[in-house]
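All remarks here apply to the structure that follows.
Per-chain residue numbering starts at 1, and chain names A, B, C and D are given in the order in which the chains are listed.
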Amino acid sequence: MSCQLASDSILYANGIYRVVYEIVGVVLPCWVAYAIAGLVFAFILVNAVLLGAAAITWGERRLLGRFQNRVGPNRWGPFGLFQPIADLVKLLTKEDLRPDGSDRVVFSLVPVLMVAPLILMTAVLPFAKNTALASLNVGVLYILAVSSITSVAIFMAGWSSNNRYAMFGAARAVAVLISYEIPVVLSLLGVVMVAASMSLGTIVEAQALPFFLVQPLAFFVFMAGMSAELNRSPFDVAEAESEIIAGYHTEYSGVRFALIQAAEFGGVGVVAAITATLFLGGWSGPWSEYLGWLWFLIKTGIIVFLFIWFRATYPRLRIDQIMAFSWKFLLPLAMVNLIAVTLEVFLLRGDDGVLTVTDLAIMGVVNLAVTVIAIAVFGNLIKERVSFRTRQPQNVVVPGVSTIEVI
Amino acid sequence: MALRAVSGEDLAAAVNQEFPGAVVDFDEVSAWVRPTRINAVAGFLKDSPDHDFQFLNSVSAVDYVEYFDLVYHLTSLKQQSSAVFKARIFGRDNLRAPSVYSVWRGADFQEREIWDLMGIHFEGHPNMKRIMLWEGFEGHPLRKDFL
Amino acid sequence: MYGLAMIKGLMVTLKNLTRKPFTIQYPEERAKQHPRFRGEEFVWYEERCTGCASCAKYCPLGIIKIETSPSGTMIPEGGKYRLEVFDIELQRCMFCGLCVEACPYDALFMGSGFEQGQYSRKNMVITIDQLRNAEKHPSTWYRPQLEGYEGEADSFRRRPTISQGDSRFSYDPRGGPPLGWREVGRESWRWHQHEKAGMRFEQDNEGTDTRGEGPDPSVRKDDEAA
Amino acid sequence: MTIRTEPMTVNVGPQHPSTHGVFRVRITFDGEDIVEVEPVFGYLHRGTEKLAEERNYVQVVTLTDRLDYTSSMINNQAYCLAVEKLLGVEPPPRAKYLRTLTAELQRIASHLIAVGFFVQELGAFGTPLMYGFRSRERILELFEMLCGARITVSYMRPGGVFADAPRDFWPALNRFLDDFAEEFVEMEQLLLENEILMVRTRGVSPIPPEIAINNSVSGPVLRASGVNWDWRKQEPYDAYDQVEFDVPIGSNWDNYDRFWVRFQEVHQSIRIIKQCIAQIEPGPVRLDLPLVLRPEAGREAYGRVEASKGELAFYLVSDGGISPYRCKIRSPSLINLTVIEHLLVGWKLADMIVSLGSIDINMGEVDR
């Protein structure tokens, strides 16, 4: 009773899955082996996301602490490494509150709906060569589709909480998610076009030159858009703690809050992994093929660090400014990038349809120039400027008082 | 550059010229006006170019058991001068005084506070409610007989 | 302009990432505590106290309770009262130090500790026995003699200097040894010698007479003669 | 097609993370736009004015610490000035300089908090706030050196200050000034030109000068509205007639100007402190007044200072007793809030928080 995976299966490329499937298939029927191998890999993925979320909470708090010249959590374990566990224990032992007048079913469903898409997204991520659970040939599309579920969950949370702050947060989150989906998709089109594939594995292999060098504009638009979709600073209006308490999850406590937080920080990790895959070359790196997971982790870590760094530095934009930023600035940039990349691919591609490293380098140089010009042209929003020289004002209420004024 | 303090005498003379009989008494720093004329005097002091007291520093009430003094501290930014005028309200129950809200918007919270803590009701104030204490609190705590 | 200032901001935070944190971890490290720190436990020298209750009268919150034995039950010398109750309700104390300011005989001092947390409010009252038996680490709040000043006028004679602090006068209430009642008074001050702090004249438990162990009365005579 | 909207009333506070304490404001929103504002006070009302009538003149100093707990030194100063006016005495010059110096240090500390929380409310996750606290911590340490406490200082007394600065205060002050220059430049680089901060605050919630004056607004808010009115200049108290400084004013009257004015005032405060250090002379620091003061009956005094939030004044009336007959506190935070309706209506929820931050209220002083 031996089972063989068909070579055209989307699961075929995954070594771990195939080995488990074939070993289990020796003793059990094929459909059981299919399920068991799937569960084994799902176990890995769920743990990767949740432990990753724990690690990112720890990293974020430590790093924010150091950015702010303080220490950060340091009581539990070496360097406070067990702090997420302590947090989890505390949250699990808390009373599970449900506000009066809330929609019970919807309210309880939200934490699950927040976490599920993240784990689904990891299914197509290649952590190293041939390790994606499913090497979908529409991987990019799949990620975009699945990630949109989060916005539904957020709106459910805001609606079911029977809390006006939560409602504010939900309305803002949905508005932001809808507007930022478009520039993100457009920026990814450039990547797909250069790689000539939507499969994440193929995109990684196509990056002889990492795509953030080839298409800096797309990288910028993607990072900004993903910051907004993740509710990260400076676009964190949906849970702006200084304005609307905690936004859509104001009313959540205990284990539900723990899951929502896990989804948020797990989301940072997953998006960082996707960004690393799409723009930083994923698992490809020097030395050995078997070190792919290390390069992947390092690149993901760099992106996570960037997110934390922005959070430590920037104030938040207002909701209308975020919309304006998306529609008036990011969308034109994404369009410019798309047009530029289309022309370049059309002109540079050889007869066999393959772009060489030289072609990519040429594209990078041209796109850098395009980026600078485009930001200069469309940079209305970030053109605000005050002169910091002071002057003696002309008409003051009280004469004879030495006064200075901002120009 | 120091602020010129308008003496009570000058203030009383100026107010009396505009509204004869409005001033009851004066001393070296302040002039007492009739409580019924507070609003008119305030408007005059604010709008007349000689005085131009655009800025109301504070409105205070002092409980002297037989009567209450309302104290208005004024400043003129253009003239660089300051003045004090007072109004004396006799009695302890159901006290009323005209509000200067329409003259100086800055009196808003201070008059509400006086109503809350001293129990002088300002007429013409659009939102004469308690400010520090809750509605339904009995008594006015800053009065001398409140224990 | 064009996000350049935002990049400058990123550089500022990055610079701070490499810097040593300015916070300290409390139980392991402690912030430097200055000698004038108004600490929680009060330091009281029974030998100096006359039972005048100035501190109780001057306390804005009225949390000091003093009971003395009725007059006539004590030897009249020095005009002292014997204290029976000296309770300080720490739970309501705001550590303004006005009691210390009011004490004319340098008998009451602010303490220098800050770790008097208790699980019950009952324990937040400092009693006379606790005051008697406590280790005495007085703060220099309102007691310039502990800061090494030699007289009232001395504290006014200096110009502010740019130089480093003078280590000769560094008094560390917490780190140093506990101070006895003879070491904390203002007797060494010239003007103060004429009105000596009320010294306690009483048989202590061992039966020895502690009378006269204060500054020698003959010094005063010499000083007056001079 | 017009979309029918329904106004929504939200209670912001008293347990909101960024209403500066227990301030509550009942806001009616249309979407995210504010249509109606009603502030509700009193959650921190402790009856300071009544308490002051029960305490003697020196004991009231401890109450003033607790008014605006971010600028206790200035509160002390205002109260002591009022009592001195009541008594008709003047403190010795060294005490005047010490008061000026500590008041300016306190102003820096208070403005650092104001700026820090202002940017915190804009959404910067604590970084500028922590940088502000870093410097404020040094100032509080200096205060502990001076008077043994960091917040509730009770440093000043009617007739001077309670004691001269200890020996190691002056070198520590100089070290602080050196370090602070560097740390403050860092904050300026981080904030002053930041584009996000600018788009969030430029042109938002302007208060025209006429409205500011009519609403009795004072302090940095009034100056940001373009009125160069500073009690330190107009009615110099303590040593302010001996020092030179400029009055920063705003030209757009908006949130950014209020923020900017505070930054500039910190610079001016440093200028004043440096002049104080250069000018201070040895001498006594406290008048030889009795512990229990009894001003003449029937006297009254209005002692005011330019506190970090605005014009802080104590109106004291004496009946010849040992405690003030009436102690009215003209609190700048409360009176600056008069302008709240003008400030908030028509702006968005996010701006509301920032505008509240830009007036820099302190609930200890609003409710007293």
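In this section, contacts are C-beta pairs under 8 Å (C-beta built on N, C-alpha and C of every residue); 3 or more make two chains touch, one makes a residue touch a chain.
Being a predicted model, the structure only gives us computed values, none of them experimental.
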{"item": "Centroid comparison with chain B (C-alpha atoms), farthest chain", "value": "A"}
{"item": "Geometric centre distance via CA averages, chain C-chain A, whole Å", "value": "59"}
{"item": "Centre-of-Cα separation between chain D and chain A, whole angstrom", "value": "43"}
{"item": "Mean-CA-position distance for chain D and chain B (Å)", "value": "25"}
{"item": "Two or more partner chains touched - positions in chain D", "value": "127, 131, 134, 190, 193-196, 227, 229, 233-234"}
{"item": "Multi-chain contact residues (two or more partners), chain C", "value": "1, 3, 6, 9, 12-13, 16, 22"}
{"item": "Where chain B touches two or more other chains at once, by residue number", "value": "1, 77, 80"}
{"item": "Overall pattern in which the protein chains touch one another (line/ring/star/complete/other)", "value": "other"}
{"item": "Touching chain combinations (by label order)", "value": "A-B, A-C, A-D, B-D, C-D"}
{"item": "Chain A to chain C touching residues, read off their complex", "value": "63, 65-71, 74, 309-310, 312-314, 375-376, 379, 382-385"}
{"item": "For the chain B and chain A complex, residues of the former touching the latter", "value": "1, 77-78, 80"}
{"item": "Contacting residues of chain C [partner chain A, same complex]", "value": "1-3, 6, 9-10, 12-14, 16-17, 19, 21-23, 25"}
{"item": "Complex contacts: residues of chain B adjacent to chain D", "value": "1-3, 29, 54-58, 60, 62-63, 71, 73, 77, 80, 84, 104-110, 113, 117, 131-134, 141-142"}
{"item": "Residue ranges of chain D touching chain B (in the complex, touch as defined)", "value": "41-42, 45, 47, 49-50, 211, 213-217, 227, 229, 233-236, 300, 302, 304, 311, 313, 315, 317, 325-326, 328, 330, 334-335, 337-338, 367-368"}
